[in-house]
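The chains carry the letters A, B and C, assigned in the order they are written, with residues numbered from 1 in each.
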């Protein structure tokens, strides 16, 4: 750093690797769609209230408004009107450009038809894009044509093909069961039996949604064989989750079981269990964490969360991500809030003379991109 | 706000609605009674120590002392002596007036004979008062005269009568069982059988204390039918509680089951699960939270708790409460600490330019009274 | 305090009682040993990374480097080279002297052959030393010669002898089982049966490691009879632990069962359950807590942890400890970080006029040594 320079300034200019996010919306969202994409809730805000009074909505009206030529702290109505005037593509282009992201690692397995593909994201932003394969979505995509006996090998084939074009996989076992699963791999006979039950139910008209714990564990263990990063949803998310079952300390046995396999466990979001995740990241050489979506949704308070992620975790184990889905404001605010938070925390450490300038420069680069490069083998 | 005005100043002058508290003591408490009312413990502090060195006691000696004509930071002995000189009524009048409360919502079901009724509170303070019906106390009051088969309808009648004069109900299922209860309503036959066991035990000389989970759930579900606010004790309280069983994420299933019923769930205190409660308040349109008693007991550190309550919850879902019981210092400190904390947090947001002055004004009013008006339908 | 003096200055000069730590290493550790002693992980940091980029390692390079004649913020390589030049004894002498500890309470039951005895620690530092008896290590030391029927009385004899020279005992039931144990004492017949199973396994070649929950509870209850402080590992530790089972709220039943026995429960470390531990310390007259090892491992962020320990606990229930084992840097950083944190928190309370100077002086002395004197009956 030059004399007088702060980490906040360094952090503001750093090209970021967003190691976990989704595509931005295609087309122009309606006002009601914007309100729903701006919260983890599945339902509209109560009558007389607005999601623009959530911490994230407050941040949008403050940080994104000027990027759309509006004054800071405009009203929700003003923001939505201007958004509609500009149209989805222009709004996305402006807001994603503001994020300063040099590379997006994109989970392509969630409501894929409504958001841009990795190629479309690359075209829109000029950034590099990589793919992350969502295990459950992959299994659901091949299930209809399978027999019980054939499911395991069909999934292996599909995973091998998908992984060839990807830099990692993702599991949402937290949503479908909880992180309190049996950490051992299931026996093949158990997998066949579970596949039989699932496929029979699908044929009988049930939705293909995969929630069987044996199959969820099977998918995870097949991913372990790939010796790649495995992203795991942890903690806060939409109302499908039972939060205490998403405490990452339930992953302790799985972390022991996978420590020497070559697989890496990337704990996503982690709120409010950031400290639990950071403890695992200190204890286990193959565990990383981020605070991603929780940073956006905590808005003005987000530095508290980033500060917790840096409390006890090694500096080489914390990653940047936006976890943005659909709404371009999530990429813009996720990046802006994270840069501000990391800069402030490291500036405090500098002011306390607990780190020097050389370490400060090194750490902000590691947190924003270097750790992702090492964890995913990107370069 | 006028130029140069801070949210702290706005917050200091705002009339508050205390959506959850109890009556203040009648008569003059002895020194030993004061020490026990000033902590959630059930036992005196160890020999050689004093509750006036708890964070709440520290705050009393700082904030309440001048209201009783003492210097700030007086000793415990000086404080108790002056308190005795003035007498309970004068102490209550001064301290409750300092709280700036325009309306009290009073839980009348806990040790009611030792504290003022809503009418007495109104007379003492000049504020409006409303009643909250404690479900378990109501059931215990009617149990002695019931048969097993008659209990359910007798409770319905009693609840209908009580609710007619009340603005909401309260459940202490957290104390009597834990929040990890079966979220579904019990079957009528189960309720009759459970009532039979309870009433037989009472006749055999057991205390009437209701702790049967079937009956506790039945009471809750009868309250759901009222389509009113249901206050739920969450987290920190006296030693009867097993804390991890009072994590509000155990309420996820009940929140799903009640979402469209018209009932509202008001999560009280929530410490140390404030974040878990705030997440539910974001996800579910019918969930609110406060930090009430924990703010008083955290004293000098209470802004950390208020800050957490505003981390991820919508601004329209966080409420003010003192949860004061008996001791007038709890109303005074609860209000003073909460005003200071909310003011500081919003002033920081202002200083960061993440909110503007119009939002700051709007939010402090919502947090201190407007949200309670909407949640309870008060005006 | 004199005019203009801060609590930080007072805290920096206060002689400390370190109520929970271990002996410092004998001899000179290799670089690899230093790296492993500097983390709770059991395995080296991933290739390309170093434990000197953990929050604790950062603190070592900042705080300890000048004590070894190096510039602040030196590199890991520079630090290790200088450490080797000086040799283990000189490094230990300098770093332990910097801690300003007047008395060490030493857990002698963990890898005792690799660290100094209490007498050696006293000789090295000039401080007083006391012994804490580790229950499980004591049982393991006598097991080989016992019969099932004779185990209980042999343990009683060994405990009586060991306690005669000690000021307290320690249990690691959190590591060996979890804190979610049955709070009642086991029946004698259960103890005999469990001892039989354990001793048979040892004779058959199993390691002597005691993990049977009946025996672990028996040891605890024998310790209760001593009417002494019982240190309990809580929360964060090495990878043997399943974190959520080390939440101290699982101890609620045990706290009730022991409240009037004369035993005292000293909750160690407690991270990330500091608030849960502090709540128990407020509720139960015989419960204390510290933040010890977590403070060292949180390095630059450690004041957040100390602040939480002072949030709701009585000021007479929080203790200082380093939990240092082997590595002299742990004593130096544990002390330095704790002094800084306590000083900052109390200075903020002073600045807010929520405490006065007399209380500030009194509290910093209580936290650093007075509370330990009372809890352990040291003077």
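Operating definition for what follows: contacts are C-beta pairs under 8 Å (C-beta built on N, C-alpha and C of every residue); 3 or more make two chains touch, one makes a residue touch a chain.
The UniProt protein names, listed by chain, are A, B, C = Amidohydrolase.
As the structure is a computational prediction, the values presented were derived from the model and not from experiment.
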Task: Rotation, 0 to 180 degrees and nearest 5, that superposes subunit B on copy subunit C via CA atoms - done: 120
Open item on the list: Looking only at residue numbers at the subunit A/subunit B interface, is the share used by both copies over half or under half? Answer same or different.
Closed with: different
Task: Computed distance of Cα centres, subunit B from subunit A, in Å - done: 37
Task: Junction residues of subunit C - those touching two or more other chains - done: none
Task: Residues of subunit B that touch subunit A when the two form their complex - done: 247, 249-250, 252-253, 255-256, 259, 275-276, 279, 282-286, 307-308, 310-316, 348-349, 352-356, 358-359, 363, 374
Task: Contacting residues of subunit C [partner subunit A, same complex] - done: 39-46, 48-49, 51, 53-55, 58-59, 62-63, 72-73, 236, 238-239, 241-244, 271-272, 294, 297-301, 304-305
